[in-house]
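For reference, the structures are reproduced in the following blocks.
Look for chain A in each of the two complexes below; its partner is chain B in the first and chain C in the second.
Our next item is the complex of A and B:
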């Protein structure tokens, strides 16, 4: 690992100013769990790292908003999310997801902002937050913006975020009356990057599906909503025939990539089965 | 003075446990000495090629770089810079050509690790690429030849005929012939033939390879001290002395605790480069690899196995033919020994009158393969216990029954002709059956979650003949020192050896210091490998302790004291007038051994047999092929356990390691390049991969020729794991996997094939 400059600004706006460094490789570093691996492997050699660990404490706060939604400061660690009663109440699927997200050492330092900004399609929360309709607030020298998590990703490790744009906050809208589930499928060791991630969220009225989101990740370049599959659910009671049809629709509406976790053909079969299982699991959640 | 302490057979806590958990234990990886330079290696980017040029100018010019060396520089201090235990085939840095992607081509020395790393990245090399061979079966006939001329080291008689051979990749061919297989196949009721494969994996000790080499004096009359994370200090001394043309006493090798070894650190590894750099630089040099670099050091052989059996209609095996191709990678390391020693038992622990075994060590353009916890046995058991099960299923014979029918009994000849002695095969199999409740039906699960169970049993001949020496020193206050070159790499040998000294001399283990390997101080030992230490070093230690005790008794009697009742300090006080003096006992051991003849036959193949069996229960999700190992039952014969608690953890450790090689671990390659050289992408089992039910048992046995009835422990837990799980999957869903690792996708594809609806690829 080559030497580099480490800046530790005390405010988010200072941090953003420090990211403007012309052509030299500069990155913001929060928990650093992903960035350090890239640096160790020599994939990324920064001239300067801008550490966010000393920015205002408010950026790590997790609060329930008056409408019942969640506001999560970008610097909140994944552990603090996992332990948060507010998160568990407002969006239990997030709490559930964190149980098998990496390991406790990573969760203790990794932040939600870094997790979302990294752009690795194997991350667990981007599909979950996409399914929940979450948004992020970002800050850059040109000002504040609000973006849907669903719109953050443009490709493999590619996001819409500018080099000097930082996520400051994640907003999860109120989930009242909705059911959600996330299934992480690993095919090698239990603690591994997912072969496939599937997040679902359902709006039910009586027993009828009014709205649905199905998001696939890990086997695709970015988290992807499977709208054709979502359509098959609307107006149904999620009976067995509907689930089968939905699984088939999911498979036919997306192209999955082969890698060391499995062939594309096998991942399609996993998608077919696990789409149904995720929906069943969401339905089993007690409101 | 002789108190009946009965130290042997007790679960005494490990002597080093406190130092390790409090972070006080010293490891070479953490060692730093004044003036030390750090070595970082520049590696080949092609799998096979002639070196056209190496450009080190930018690296040399970098601030903080002390020196950059290539293979030609090494020749200045070592004229013939090739090393290895079986063949002198491995250059310290590549000379003339490279033979695998990742081979060391140049080395940077700098005072700072980061500078050395950055400078190594500035080196470039050009190659004329040569055709490469990666598959072990193709290597038999390939026109791509890894080594132009074979250079056996001369230490092994059965390699001599390969000297100066050219145009071949075969680094050893072992043949065993017993009876007449062809005739037996012709008259057998049934003949079965199957092919199997195992993948290339590696050891991955938590502490990677590390050596600090310290030169003293000048090149001609000086000495060289190596602090190294090695399993074989004596061999390192001999090999470095050979390379330098020095007598053994000029090279000193010191070994503290190891953070794991598993066969990776046997013979000579990081020592050759560290030594050469220190000799060139005349400064202390540390060569410590990263975790990721372990993927280019040493691995476990991938294998292709063909096995054919003639069987009577009631399941008696009358003939067995085995062909095994071992993918040895670019350098032989100890691969030829693996090929031969495991060849002895390739037909399995069964009494078969007609046996034919052909076992080939092959060079290929991949990272070298050597010994890994089992010395080739897990690959063979994978094949013969899968094959045995397939025969049983085909003939509708119970898997336990077919093994009972064929199992080798005490006193009967094994395939080499050597009689089975103190081999508790039957006992291990029966205890396994009892613990698995084999006679009771298994809960078969649900419509989509099917359950099954499987068993497998394997055995191993110990590597032989090998020598161990030990010294026991009784101090005037009755405390003792044990000098032994056995390396405690986590297996608990310090504790076990101290227990033996305690038992013989009657001094509690707390009063015994085990002096760690230091070739200027501790006597010769062949190496800590192949589960040999408890038996071989155990004998040497017992002999040394008895020698010391006898001398102490004789001294007491000389002084007119009762040898049995006088406290040790009183004997010394009476002899020397004060607390002074000491008594030194020496011991050595080499077991009897007879080399096999041209047909692989010998009356004495091994000093002891190691036996391991595993029973597995699995749950298979038939919608996805995903499966869980819900229970593993592991039975071994270790003779009498010196320390039952350590034995138990050795069984579970070995089993979990093999579980990784069975389910999750695999080195992936693209044109000879490892594509998953990191712990993020090469998956060793985590705590959540370990079966919820795991039972480990050493059967109540006795190795009559062993010290205190004991024999080797470390490897036996690996033998049965892979086939037991594959057999359980077959039992659950009728899918037979013949290639490791066992993956959910492979099971799923098997299910689809069975349903006549194969999964199509894009």
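Our next item is the complex of A and C:
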């Protein structure tokens, strides 16, 4: 890696001020697991990195809010989320997803803020948090903003975040009465990068689907909600015919792209089958 | 601000001061200290050959900025406070859980972490926890035996 200047401010606002550097490449570094790979590969050569590891400790806290939702500080590590009783209670699908999200050492260091800001469409939590209707709070010289995780991504490794805008917090709204599941399909080890990710969340009322979110990842430029497929579920009891129809609607409503983990044709068949399996799994959680 | 700095940390129990480049990762700096137990292999967080404990938390040294170790308690496979092998190391030897030994320091350190968290791991727990450690000699069956034996010895 090439040399760079490393700043280690003690507050998030100082960090934001240090991200303003005119034309030279400056970036925040949290755990560094994603950034180190890019720097080692020579894809990214910063003039300055602004480390977030010394910012106020409150930015790593995980708390249950009065309404039952979750507040997760951007600097919380993925391991701390995996171990958190509050997360397991409020949104067990997150706990489940973390089990096969990379390996122990990466989870020990990687942060939720870095995870959401990186923008690799293969990542596991963006589709899950999109299905849960989660939001991020961000801070920049312009002030504080709240953005839906669903609106963060604009393209392959591209986000709406400004160069001097940092995620401070992730908010997961209360999930009472909703059922969720995430299936990660890998072709080698279970914790490998997915060939396809599919996250679903259902609001049920007496066995009838009132609202649904279906989000596909790892086969499109950004995690993507499949609204046409969602529509097929509304007002149904998720009977076998509905599930089949939903799988078909998912496939015909989206253009999937091939990558090192599988061809587009393969991913289409995975999407057809795993949309149904994810919905079944969400329902099974209820039992 | 410059691209080099002086960091202070505890290395296997002893205080160390090191002059580092801010872009250097932890394995590079440990090797400059004469420690070769943590070694870079895949260089991308996948194989665990570079495992180091920072404040008792296992990290991939190849992806960890050395500057982040400033003020930390750093331990490597060379750490042996009792001056002898521990039960995990004994179990690996008794089970012949290696051929070339390149991956072994990482497997030993991760096995200790695993047993701290799960004193009586199932085979599934073992496979899952160690999925981020690769043995290119494929000594996996013996490694799993060694972890089970180490668990028994520890509970001893």
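The rule is simple: the second predicted complex is superposed on the first by the 281 of 287 C-alpha atoms of A that agree within 3 Å, B and C clash if a C-alpha of one lies under 4 Å from a C-alpha of the other, contacts with A are read in each partner's own complex, and residues count from 1 in each chain.
By our rule, contacts are C-beta pairs under 8 Å (C-beta built on N, C-alpha and C of every residue); 3 or more make two chains touch, one makes a residue touch a chain.
What you are looking at is a predicted structure, and each value in this text was computed from that prediction instead of being measured.
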Which partner does A:263 contact after superposing on A: first (chain B), second (chain C), both, neither? first
Scan A:105 for contacts with chain B and chain C and give back first, second, both or neither. second
Between chain C and chain B, which one touches more residues of chain A when both complexes sit on the common chain A? C
With the two structures laid over each other on chain A, which partner does A:191 touch: chain B (first), chain C (second), both, or neither? both
Between chain B (first) and chain C (second), which, if any, makes contact with A:53: first, second, both or neither? second
When the two structures are overlaid on chain A, which partner does A:208 contact: first (chain B), second (chain C), both, or neither? neither
Just checking: does A:39 make contact with chain B only, chain C only, both, or neither of them? Give me first, second, both or neither. second
Quick check for you: in the superposed arrangement, does A:273 touch first (chain B), second (chain C), both or neither? first
Examine A:85 and indicate which partner it touches, taking first as chain B and second as chain C; both and neither are also allowed. neither
In the superposed arrangement, which partner chain does A:4 touch: chain B (first), chain C (second), both, or neither? second
So which bits of chain A does chain B touch that chain C touches too? 1-3, 37, 189-191
If we count contacts the way the header does, which residues on chain B are in touch with chain A in the complex? 114, 117-118, 121, 292, 623-624, 626, 663-664, 668, 675-676, 678, 680-681, 683-686, 688-689, 743-745, 748-749, 759-762
Flag every residue of chain A that touches chain B in the complex, lowest number first. 1-3, 37, 41-42, 187-193, 258, 260, 262-266, 269-270, 273-274
Taking the touch rule as given, give the residues of chain C at its contact with chain A in the complex, in rising order. 1-5, 21-25, 43-46, 48, 51, 57-60, 62-65, 67-68, 110, 113, 128-129, 131-133
If you look only at chain A, which of its residues touch chain C in the complex? 1-8, 29, 32-33, 36-37, 39-40, 49, 51, 53, 79, 99, 102-106, 108-109, 189-191
